[in-house]
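Here chain A shows up in two complexes: once beside chain B, once beside chain C.
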Partner chain A sequence: MSNKAFLLGDRAVYIAFIVIVLGLPLLVDDVFWLNRVARYLVFGMLGIAMALSWGYAGILNLGQGLFFGVGAYMVAMSLKLQSWTSMQQGSDTPVPDFMLWNAQPGAPTDLCCIVPGSWLWIPFQAQWFGIFMAIALPVVLALIIGATIFRLRVSGVYVAIITLALVLLTRLIFIDAQPITNGFNGLTDLGWLTVGGIEFDPLMVGTYYIVAVSVCIVLLLTRWLVSTRAGLILQSTRDDANRARYLGYDVASYQIFFFTVSAAIAGFAGLLFVIVSEFATPTYFDIAFSISMVVWAAVGGRSSLIGAAIGAILINTIEATVSESEMFQQAWRLIIGVLFVLIVLYMPRGLAGLARDLLARLVALGRGKQADSAKASRNPAE
Partner chain B sequence: MKAALTIDALEVNFGGFKAVDGMTSVIDDGELRVILGPNGAGKTTLMDLVSGKTASTGGKVHLFGRDITNWPEHEIARAGIGRKFQIPSIFRELSVLQNLEVAVSQEPRVFRNLRLGIPTADRKRIDEVIDLTGLEPVLETVAGDLSHGQMQWLELGMLITQQSRVILLDEPTAGMTQGETSKTADIIMRLKGSHTIIVVEHDMAFVRKIAEKVTVMHMGKLLAEGPIKSIEADPAVREAYLGTGGLH
Partner chain C sequence: MFETLFIGLSLTSVLLLIALGLSITYGAMGVINMAHGELVMIGAYTAVLSGIYLGFNIFAAIPLAFLTAALLGLLIERVVIRKLYGRIIDTLLATWGVAIILQQLIRLEFGMTFFGIRIQGLGPGLQQMRVPSYLMQPYEFAGIMIQPYRTFIILVTILLTVLTWFLMYRTSIGVQVRAIMRNPQMAAACGIDVRRVSAMTFAYGSGLAGIAGVLLAGFRTVMPEMGANVVVDGFLVVVVGGVGSLLGTVLSAGLLGQLNGIVSVVYNDIIARAVVFAVVIGIILWRPNGLFSFKSR
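And then the complex of A and B:
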């Protein structure tokens, strides 16, 4: 079989991806451009998370933005408290500017009680707490959601509907808690991530590397995860959950585990996105954003982790290029919508599938030539 | 002889209709038991009750003396019961080899399975099953692309790799050609002794080839039980099959 060729081709794509992502700053010194690439790499990470849950687990999560958004808000709260404006509100401890605008006259300028619920912000004065929560809270939420729906054996389109409803609910909560979340406007004017005295300006090459290295690590870790026996068993539950049960596997525990890993990756992506973009807004909880992630994975190939990552990066690059022209900006959504339908119907394995088919054809071609030359060299002897 | 599976007054009530109604039977360790009965007799439902797919509303199931009545499916499977479905149930997007690799693991927990590769002992068992089922030429094939017969053998092979002590087979030769049926009979004969096997089957030629003791079900109840010869001569059995074409 041509399995070996696929393995080699696969490995080559991974190596090329990692080399390009890590080598980019050596070729380009436009920091604005690098910052833009860093954002797309974060979306690539979301593509990986989507491929893991949709492609490998068969769980179509239409509310992945929930975990991304929660991760983003958690770290944004810490960075908000580190911003210059928060330090300048005339109190000993930092207080976000928007809380003052919302405060009742006479309320003390302190996180304890400036507005109802502002005490929730107190631990976020430690940057590490925000970073920790950016992953921990998505994990806890995913465990609760996953345990509920998978123990009840909810599957297929119902999972999509429930996750969709949950991300909308979260959006409502974040907008509604305006005094402590700044509502529609979200958290802007953030400070920079500071590690060991180094401030990570979003336009610094070092900041690009935080994202680039993170994406590579997540890619390799998820790759390892799906190659383990647990990853294989997960794929078996996707194909036939009952068969897996009658082989002795508690299907729900596999679904919960991988759903949670996917959520943790999304939360991590949210964290990174805030570091490079310096804001967190409720648009992360928009349905359109969560559905975009599904489109990225579909285009790149939902059953290929790296395919989904490349799909996300590619679509966002094209979108950014296209949106510079007013006319195309309007048409873009339509184009993406049509593309999505076509791919789901006619190319369910996306770009990754296309690449594999090409490779298979090349291998076959090579074989044919070899056979021909073998024949040619044998013939004279006969 | 030691009892492998004890079905004791088992019953299920589907809103007033009892598909299995006080069924009782004891299957010995290492036995090959054939279950016969006209369509709708409750044979598939009996397997559903034993394997945990359907919860019973009365009676007990014991596996090697252990009460497994109404346990969750995966726990019944871990306790030692393997089940083959009437419609082949395999992992269609995985290769044949991967199907067997999923089946072979004796470790059900997620975290314990976060490791690469298959232990040597498991690999050996997979090889044995490949030998037994003759799936060698299609190991890398995606299971969904197999022929109907190959799918049935793969599913059977998975139960053997799983090391189920008791194997339930629901019409394993349904839809098979004569050649495929005879190969299936060979596989089942080779399992005899090392596994306890319970087969539901309609094909009487096949039954005569493999059967020792036969259980006949009718309207959810035990109708007759004994060696195939005496069953075929039993007037009650003939009566039950009247109008359905009879045993043939």
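And then the complex of A and C:
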């Protein structure tokens, strides 16, 4: 019986989330603030991707920043070529300013050969190509990585270590390819996204809506995905991979598929983040950033998609509010550390788990039963 | 040629120092301690602070750092890790939280910043440990330039490795640790106090991290985030070498250190690290249990 209450409660949270996210511009007319919220919504999307791979698939990907960063760089390359500075380098075609600083004297000011490897930028003159690659490249990379890892039946901690090493490897590659990626400084001074003649200024309500609608769609799509047959089989591979294998399921295929979906969401989040923040730097490939995503998901609830999203948004909003002074910002990081240890120790299901327990108690109280009988009947999936 | 090998050798010894403690805690207890790097950092700060307030030189700082880090490790084991045995991924996450806490405590000078009190040697800035000049002055011996500090690191590493080997393979406590490594339930059934031995093992591994911190402080700047960079390297060494294998850890530190040294001389540091990561990923995919792991039933 209490299953019905959970379903209702769950639905109520989703509806409330979507209504708040989409209705926010009606209440807030400060565009700077909206821009900030849009960034946190992007992080919420990363929380969803993390809950999908960690909570539902049991794959702890400590290198999610790899897909986010690659997605961000792909679209940033296109937007960089559209920026005003790239147009003003004295050639017919746009050339990023930092390439001129790196060019050999006498090199032609053209993408074909200004610095070694700059030809890679040529197709990015079309904005759609950058947007396409922001999703396609993470997908291809995830397919290759996932196929290698899961076909060889690497599991558990080793997946975490391999993905961690991969994101560090990517970071080094992007820093080392300084002439074409601008190294440590990354791609800054970007142009605006232009669709159908409309320029999407990051400080614009329309840009906020691009992010807000995307987050809602991704949330509903992943929710639908985990409720499909494939999603259920995936959860069985998480609980007992060998049993799923004995039952005849090709465990690796399910793992690869959901690993790739998670990567695609992360790539999409990278795309959106560049549109609202106007830069792409190698810090996206830092371990700290990738592990932050795990923290968000853990705080919100690793096995709840919306919980992870809310966890990400909540932590970042609080962080932004308290970080007005340098000292409080540092204290906040200390609090996050303590909170994280406590959550792993005592509340492994995060805020979502807490909400479910509370709901169970309410239902039990409403029926005049003892709270502990509801506890016993609560979903033991986690 | 000799110079390149020597650079590789000193990189190896630093890697080994960091990996040695990790190998013990990960191998014996199945704990992925992400705060290991922060214990290295604490060791480095112990050296800096004891230099400022007690006038300790590097030789006196080494045992002090060992003690500090070991006690801290004991505390971490008691408060956090003890509750998480058998949940390996959760140990990774919880110790990541511990790592953040330790970093912030140093940055915030144990919270004293809030009261406007500054402690010299702490805080978010960079610190420097003073190394005696006779360890820094390179000298020539038989036509080869010898870097005394690097030589010193290599010697200390050899000493600690031998000591660890002796403890693990020639003492009764070592037998108990190795029994726990293979099968904790069976070890407990044989009358080994698994909790006590695990706690001591963890403290010893943490103490080794503290010593690594002192030695690192001699040629790198000491800062709150110095630990985060070394812990990953340490893990890669342990995983490549094979969990719980001392010999494996030594050889894999040698392999990765030399690889890093040679490639960084031929190309550059960034490419060298990238090559090391690529090789490590390949090895984990090829042999997930590491190069030198024992067969467990």
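Throughout what follows, the second predicted complex is superposed on the first by the 368 of 382 C-alpha atoms of A that agree within 3 Å, B and C clash if a C-alpha of one lies under 4 Å from a C-alpha of the other, contacts with A are read in each partner's own complex, and residues count from 1 in each chain.
To be clear about the criterion, contacts are C-beta pairs under 8 Å (C-beta built on N, C-alpha and C of every residue); 3 or more make two chains touch, one makes a residue touch a chain.
Because the structure is a prediction, the values reported are computed rather than measured.
In the superposition on chain A, A:Leu225 contacts chain B only, with no contact to chain C.
In the overlay built on the shared chain, the residue A:Asn242 is in contact with chain B alone; chain C does not reach it.
Once the two complexes are overlaid on the shared chain, A:Tyr254 sits against chain B while remaining clear of chain C.
Contacts of A:Phe340 after superposition on the shared chain: chain C is touched, whereas chain B is not. In the superposition on chain A, A:Ile287 makes contact with chain C only, not with chain B.
Considering which of chain B and chain C touches more of chain A, the answer is C.
Of the two partner chains placed by the overlay, only chain C lies in contact with A:Leu164; chain B stays clear of it.
After overlaying the two complexes on the shared chain, residue contacts for A:Ala364 are found with neither chain B nor chain C. Those residues of chain A that touch chain C in the shared complex are 60, 148-149, 152, 154, 156-158, 160-162, 164-166, 168-169, 172-173, 175-176, 287-288, 291, 294-295, 298, 327, 330-331, 333-334, 336-341, 344-345, 348. If you check the complex, the residues on chain C that touch chain A are 32, 80, 83-84, 88-90, 92-94, 96-101, 103-105, 107-108, 113-114, 124, 228, 232, 235-236, 239, 268, 270-271, 273-274, 277-278, 280-281, 284-285, 288. Interface residues of chain A facing chain B in the complex, by the touch rule stated above, are 1, 3, 224-225, 227-230, 232-233, 235-236, 238-240, 242-251, 253-254, 257. On the side of chain B, the complex with chain A involves touching residues 51, 53, 72-75, 77-78, 82-83, 89-94, 98-99, 101-103, 105, 107-111, 113-116, 118, 140, 158, 162.
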